[in-house]
């Protein structure tokens, strides 16, 4: 089986700070893979390294079997791999209309038929053509995130990197976006790597997940294992407890 | 632990090295630009040495003696070698070593610029704060217009008018130059900053006279920088006043005055330092026009004069000084920035 | 208020580059030098065609006209206290010739060279100085030249204490600098004042020389304060911060004249303002064009406005007051005549031409006026403004079309101007003698010869006639349009006495000035 | 239970270019010495309600209420001076985002001391002591080190705790905590909640806990107000949340992915225009 | 859920303000309209704009508006007449030329100078700054070093030198001023670039496979534009003043061109007795640069991303 994404012993260092420390992750084709962990544990860094937005200092990254190096990627890579970012307010160019932002990838890759594709993409993410000429500041957070997803999908990639795509959104809007993501994955057979700090979201979306702490993967397990409490690591267990809400007794115990 | 310290000292070393490279390249650039200017301006440098009325054979002889017949790269090499040994040669206009000239004219400009900036900052900052706090009010508009006029008016024109009013009509201030002729030989400046020197030596009559001379040009420069400073203060303050920590300060029950002057201004001061430093550097470049009007023997006039006579030694000297000042002020404002803003401080 | 014993002058002296009399050739320096150094002879201010003795008690000219013998007054001292001897005079000549700086030609034109100067200018004894020239020049010419500041007498003993040794080279064959470096800012003279200090573009301070052999100066100190702006000078004068304003423009001069507290002084100076036409330009080389241009200056309007008080219309090259000066102003503003001439030259519709103009007044104003009057005859004049040194560089390289300039006499003798305007022995680009005639590529062999001849005419009256003829020729037919002669003016505080401007820049004496 | 705070028909209006925008539209509730949760989606007016009580509404906005009283003091007619004296001393508010709510150029200790010295006459040394105690009380381990740190030098969780310390140091009777945990990791979140909980239990402080996380509020608070478009659409005891009547409340509860529950697709909220009426 | 109590707008306004534009043009117009509304709410800014429009108007119709020739005067008959003299509303200068006519014609030069400088300096600064900021590394180092050298060089000296080298004339003055005024723009553009360079939307464009050049020109530069536009309009006043300063030092426009700075320079000789000769152009400069400043201030508020990002 060729892995869609395979990361081996990946390390990323920022000014002597090890943001990623020998991380290895394999994601099979068509799989949805989750990354959880507290803030600063290196989840985003891992995605950015795969996307070529951050240089790795050690280790190898393979995408669809081909090794990629440094921050250089070829056009084929960009058509195969796209990313959705955490902050819907920061991931859209504030001075460009939705139309232009969707047009841009088509223009870069010399794909014609822009008109139809844009309308289709908007339709797919559940926004009508009335949103086409709006600026980001005229959109709500959920709508922005949909546009970001539409932009990622318009090149018809096979792998989607999702960096906390819903953590800035309301619970109600989050549900809509998660449903949308599930739907496109099902329709297109995409591979997801999804970052979240919310165990609920990850177990909902992913079949397998990795728990990260301090730049390392501390545990890899399937969602089913997690739900069933088949947890090996103390840290994962803490996460699990915390995500169940406030319990006076639990706090009293730990205090 | 020691590895950490070594890493840190290596970082400091790299930073120092980087700074030195920056300084060196800036100097080299200034040198090259000055040299280039000296070659392209259609002024025969020999004329500066000899004056307008020199006969032909003297001109030719001097040209050769000055090495102006050598190939360009050789001239540049000689020029660099000279400059890097710190020898800017003598100014042909004043016949003094350039450094001696600069030691004379630079304090004059610096004293003027410093006083101007002080005036600008001490009036401009409160005005800017006032305008920001009372945004949209009459006070805001008044401050704005005062600032805008200061920014829009040709300074030499204003200088002439001011001279007319305050010197000729009202006789409040003194003119021309830095000091009255009466004190020319009863007062020996040490540092070249006449205000400091006279105060230091306890010659209060001289101090008064010097002050009467400097106050008008300094006020004009001050007005000019006030315009800029008040405007920047206003916009920085507006920015800070919108911040969430201001709300937090209110939530603590602090008084408005404390919120404005301690919390907001303290934060606005961070970028403001750079603004004031740059405006100071701008004034230090020498306001040729003001110096012309007030017959102020300063650096700006010195460089301009030298340039118009193709006295490139003097131009280079002046340029290097200004470059150094620029670098120094940048460095200083960087340091100040760092002390004011804990975020940029290394832990 | 200025101190009682001090004269404070507001004066634009940014041209000063050295105070060494053997080197200085600038107009402002001339004033300083002439007040601080002594000469053998000085111009007679009562009759400027004559000279009077200064250090020299008397002098004789040998019959062959080649040897001048000067007898010095006795008992004179330099400011330093050293006695003044003929040795000092001889040394002064020697160093001027050997240094060979800008003004040296005034002496070397008499055949002096570095090799023969010690022979040709020497002390016969302590009080006798003998000067030998190479041709029987008009004595007035020789004596006039000796009034130039380059002939100032320096204190040999003092200078020798400050000489710097140098390595001889092709350009400079001597092993010392004759105190040149020191004298640039130093002082070794014997005039009524001593030079205390010169700070470029700031101040020149003169102090009374207590060792002066003549009548001592009335004031203890004279301070020249560098002020460039006329209006600034006027303000300071009105406020009493200066006693004399030296660079007043017409409007300010007029206002000072009207102020009851103030007084004015003026004197015609040996400086003429002219427009010259480069003969390399074919159009400008046509005699008709040259003449047409002479009709296209609005002399009356300019005289009544732009140069009112500071100049007088004057159309020939010798300024008034100089031997042989021609006082005729035949040209008037006449567009019709000019058009006729232009048509004759083949330019009925005019043409376009440029003029380099230094950006100072009054030349800019005159140039602008000329531009407008030329336009009336269809000639389009483009003014190229530039800073002094810049336009001069271009002028010296003969790269101009037209140039508006002024010419101040190098020494108070008609030959100074005649030489420059009418002598052009070699019109090639290399040129041997880069006179104004050469700069404008005006190739005139006969005039050049005539100019030379005038030098050897020992009868003053006849000599004057030759110059008159020369002037007439130039007036009629030359690429020079003379417009006016400068009048130097000064605004004075009312309490000033004895302030007088001389006929030349080296005769603005300040030792007679006193205050009430 | 005596009411600490009474709010009746509170309205906050913002004049904008396109007309007047009403962010809070007639909110009424009373608060005793209890934990009151306010939930609602982003922009529903939770923060503006809290700020109106504090008197921190932007100056151009307009605040009206039939009654807005704290311990019998009518806040709306109180003089600015009196309100300033109340703020920080008796009513305190923890702002939404510690990253922006702490003055970046002042050390954390100074900011805490500042609150204290504003309201009480205490000496430097004593103020420092009390600030250190307060920092320790909010579970900051190395208090004396943190005292001298600047906001950018501490993590989000620590900053949030510093903020809490700053607001609690003068011992307020009412604390408004505006999403005090939204910027925090789940694990840290619980610690912060525990601190607040202790304060209510031990000091008898009144707490208004603003959040958009319904589940969290329900497990932490005694009573919950559900806001939608500037109004309270439902008030309910936390324990009764499962029986919430309003479809909005039910929708909110429903649409979160739950660990172990297999719901594909997630139910989404179908907003009805009449909710906003 | 936003409940706006609002008076019914006119239909065109509604179309412009629509939340859901139907076409590119409508979106663009709508945005422009919003900016314009914010701008026009600021009375001073509108005043500034009016001043500049008036300037443009005067410049275009100078020939028709000017009562006299700007270059030909009456030296003998009408020199230095005070304002209000018959036929000379603002008086005459020392060549007997009508000051009003000179001011009117001079507006062309002023416009020319500011436009050319803006056209040269702003793009140069923008490109240098954006490229340096985006590329980073040695490209950044080299470009910023050059910028610093130009910044460290005394401005007027540089301008003077260039005017001297290129020869006088208004075009060369423009080039000289442009050469001295681009470095601050480069700095601004760089600073702005540094803030957007690491933003997610730039990362997104990179992930689309856009070339660095495309990113810089199409995505980064537009972000620098508004602060740059504001800065440039604010600097216009400074540019006019620098040009005037060059004129004051006798370099700049060739006589008899009615350049305002040169007019002040030549008029300053008469400041004590014929105050109007220097004062009139001084006031003209003051008004126009005030206009630019007001406009710049207004634009700053109108283009402020904080406000438009609401």
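Labels for the chains are A, B, C, D and E, by order of writing; each one numbers its residues from 1.
Assume contacts are C-beta pairs under 8 Å (C-beta built on N, C-alpha and C of every residue); 3 or more make two chains touch, one makes a residue touch a chain.
Since we're looking at a predicted model, the values are computed, not measured.
Colleague: Weigh A-E against B-C on C-beta contact pairs and write down the one with more.
Modeller: B-C
Colleague: Of all the chains, which has the CA centre nearest the overall CA centre?
Modeller: B
Colleague: Need the CA-centroid distance for the pair chain A / chain B, whole Å please.
Modeller: Taking the mean C-alpha position of each chain, the two centres sit 53 Å apart.
Colleague: Quick check: how many Å separate the C-alpha centres of chain A and chain C?
Modeller: 87
Colleague: I'd like the Å distance between the centres of chain B and chain E, where a centre is the mean of that chain's Cα atoms.
Modeller: From the centre of chain B to the centre of chain E is 25 Å.
Colleague: Need the CA-centroid distance for the pair chain C / chain E, whole Å please.
Modeller: 48
Colleague: Multi-chain contacts only, two chains or more: what residues does chain A have there?
Modeller: none
Colleague: Mind pulling the chain B residues that touch 2 or more other chains?
Modeller: 41-43, 160, 164, 168, 308 - these are the residues of chain B that touch more than one other chain.
Colleague: Residues of chain E that contact two or more other chains, please.
Modeller: Correct list: 164, 167, 249, 268, 271-272.
Colleague: Quick check on the complex: what are the chain E residues that touch chain C?
Modeller: These residues of chain E touch chain C: 71-73, 75-76, 79-80, 94-95, 164, 167-168, 249-251, 254-256, 266, 268-274.
Colleague: Would you mind writing out the residues of chain C in touch with chain B in their complex?
Modeller: 2-3, 6, 8, 10, 14-15, 17-18, 24-26, 100-105, 169, 171-172, 184-185, 199-203, 205, 223, 225-229, 231-232, 235-236, 238-239, 241, 387-390, 392-394, 396, 408, 410, 431-434
Colleague: Across the complex, what residues on chain D touch chain B?
Modeller: By the definition above, chain D touches chain B via 51, 54, 56, 84-89, 92-93, 95-97, 100-107, 114-115, 118-119, 150, 152-153, 163, 166-167.
Colleague: Report the residues of chain A in contact with chain D in the complex, numbered from low to high.
Modeller: 38-39, 141, 170-176, 178-179, 182-183, 197-201, 203-205, 226-227, 238-240, 242-248, 250-251, 255
Colleague: Touching residues of chain E toward chain A in the complex: what are they?
Modeller: Those residues of chain E that touch chain A are 19-24, 26-27, 31, 199-201, 203-210, 214, 218-219, 222-223, 305, 308-310.
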